[in-house]
Amino acid sequence: MIKVVFFAALREQLNCSELSINSDNLATVADLKNHLASKDENWQQVFANSALLSAVNHDMVSSEQAIKAGDEVAFFPPVTGG
Amino acid sequence: MIKVVFFAALREQLNCSELSINSDNLATVADLKNHLASKDENWQQVFANSALLSAVNHDMVSSEQAIKAGDEVAFFPPVTGG
Amino acid sequence: MTKVSNTAAANTEISIQTADFSLADEVALLERDNAIDGAVVTFTGRVRNQNEGKAVTSLTLEHYPGMTEKSLAKIIAQAKERWRIGRVKVIHRVGELFIGDQIVFVGVTSKHRQDAFAANEFIMDYLKVQAPFWKKEASTDGANWLDAKTTDENKAAKW
Amino acid sequence: MTKVSNTAAANTEISIQTADFSLADEVALLERDNAIDGAVVTFTGRVRNQNEGKAVTSLTLEHYPGMTEKSLAKIIAQAKERWRIGRVKVIHRVGELFIGDQIVFVGVTSKHRQDAFAANEFIMDYLKVQAPFWKKEASTDGANWLDAKTTDENKAAKW
């Protein structure tokens, strides 16, 4: 299983902060994105946003990043701290 | 008359912090320097130092700066504050 | 729980907290038993009363626990590689903050001032674009998540 | 007499003093009734315990009363022309100072952090080469007037 977490505007748009997903057939962050986007129209729209950032195990990564069972994958909007 | 002031290492080398000089025949800071350098060997040596800075009425100036009666002229080494 | 996390490495401390902080106390810690560093540069970021023409009433800061600390530690490590600096402290508050409240503190000490200035600004610039914090702004326009600024991206890219 | 002089213009204050100062008080003044500036950058310079390999015991600071204030006011005015900054405070101590003592403080506020960082470092860089202060250092080598550094000249020339 993969733990998936969402933050800020993304969390609100999806009305979801965390979910678990079976990692079979999901080789990369891009695969996971496509899988999540297929949930419904709202999720599809949200994941169509190219500005979306992703992290695997607390490191910022690109969509090509490989993922495996036990990973924590995060999706969030560009950051605005400081 | 011109008021002339000296600071820091210069003040110590000359053993003088302030003096008054008749401004007749002194058109520029360079003239004043030459005049002071003519006092004795010590003053001559001190004013031979090309790193010496000068100020007229609290503004840093070059040796070509014109001076006149009533001015305050200062000579000092490169500054080391902060 | 006012202290969300506190991460300390050699001469480095990172704190994510809901509580306010004291600039004087932070600088005293940076300077304590530290007579080799003659320069101390601090940055403090506060909630402004307006943003892009709107009157702001409050900000709510969200973050990604765990990743926040890791990303800040990485940014500080990069700064330590690039400049000769002594101690570093970074504090970032989360939760609801009001006008004038302190949001973020970066303190850096060094032997020579140039290093402390550069490292401090570098840490802030990278924090802005890499550390997972998000601001929701309550203003005359209602409550809205702030958009990231391309100027911040450009500024970080210049280092 | 601990306060040698205190010069205030619009949003600018310059103080030459023998007394110590409180970073917290200075920053509180910069921030008071100032909710438009979200960024505060401070620089504090302190007496280090060594300089070029020698163990330092104290520093004695001399200055040129009148010219000091004028030159600092000019430097700050230049900073205000170049960057969009809010308030500026510069404190420089004179007299005898010991290891760890605060020597100089520069505080700058601004709407956006970049301006406060740049203006603060600019003011320090120019203070170093233009403001008439001189340091006499007491160290294991005896008491000696410090030489100006060409690196400081070069740094100021870069702006």
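Chains here go by letter, A, B, C and D, matching the order in which they are written, and residues are numbered from 1 within each.
Keep in mind that, in the parts below, a residue touches a chain if its C-beta (ideal position, glycine included) is under 8 Å from a C-beta of that chain, and two chains touch if they have at least 3 such contacts.
All values reported here derive from a predicted model rather than from experimental measurement.
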(Q) Hopping along touching chains only, can you work out the least number of steps from chain B to chain D? (A) 1
Q) Per the centroid of Cα atoms for each chain, what is the distance between chain B and chain C, given in Å? A) 49
Q.
With centres defined as the mean C-alpha position, give me the chain A-chain B separation in Å.
A. 72
**Q.** Centre distance in Å when chain A and chain C are each reduced to the mean of their C-alpha atoms
**A.** 26
Q: Please set out, as single numbers or ranges, the residues of chain C touching at least two other chains.
A: 45, 113, 124
Q: Give the residues of chain B that touch two or more other chains, as numbers and ranges in rising order.
A: 82
Q: Please list, in label order, each pair of chains that touches.
A: A-C, B-D, C-D
Q) Across the complex, what residues on chain D touch chain C? A) 22-24, 27, 31, 35-50, 99-100, 111, 113-114, 116-117, 120-121, 124, 155
Q: Would you pull the chain D residues touching chain B in the complex into a rising list?
A: 45, 61-64, 66-67, 70-71, 92, 103-104, 124, 127-136, 145-148
**Q.** Residues of chain A that touch chain C when the two form their complex
**A.** 5, 7-9, 12, 51, 55, 58-60, 74, 76-82
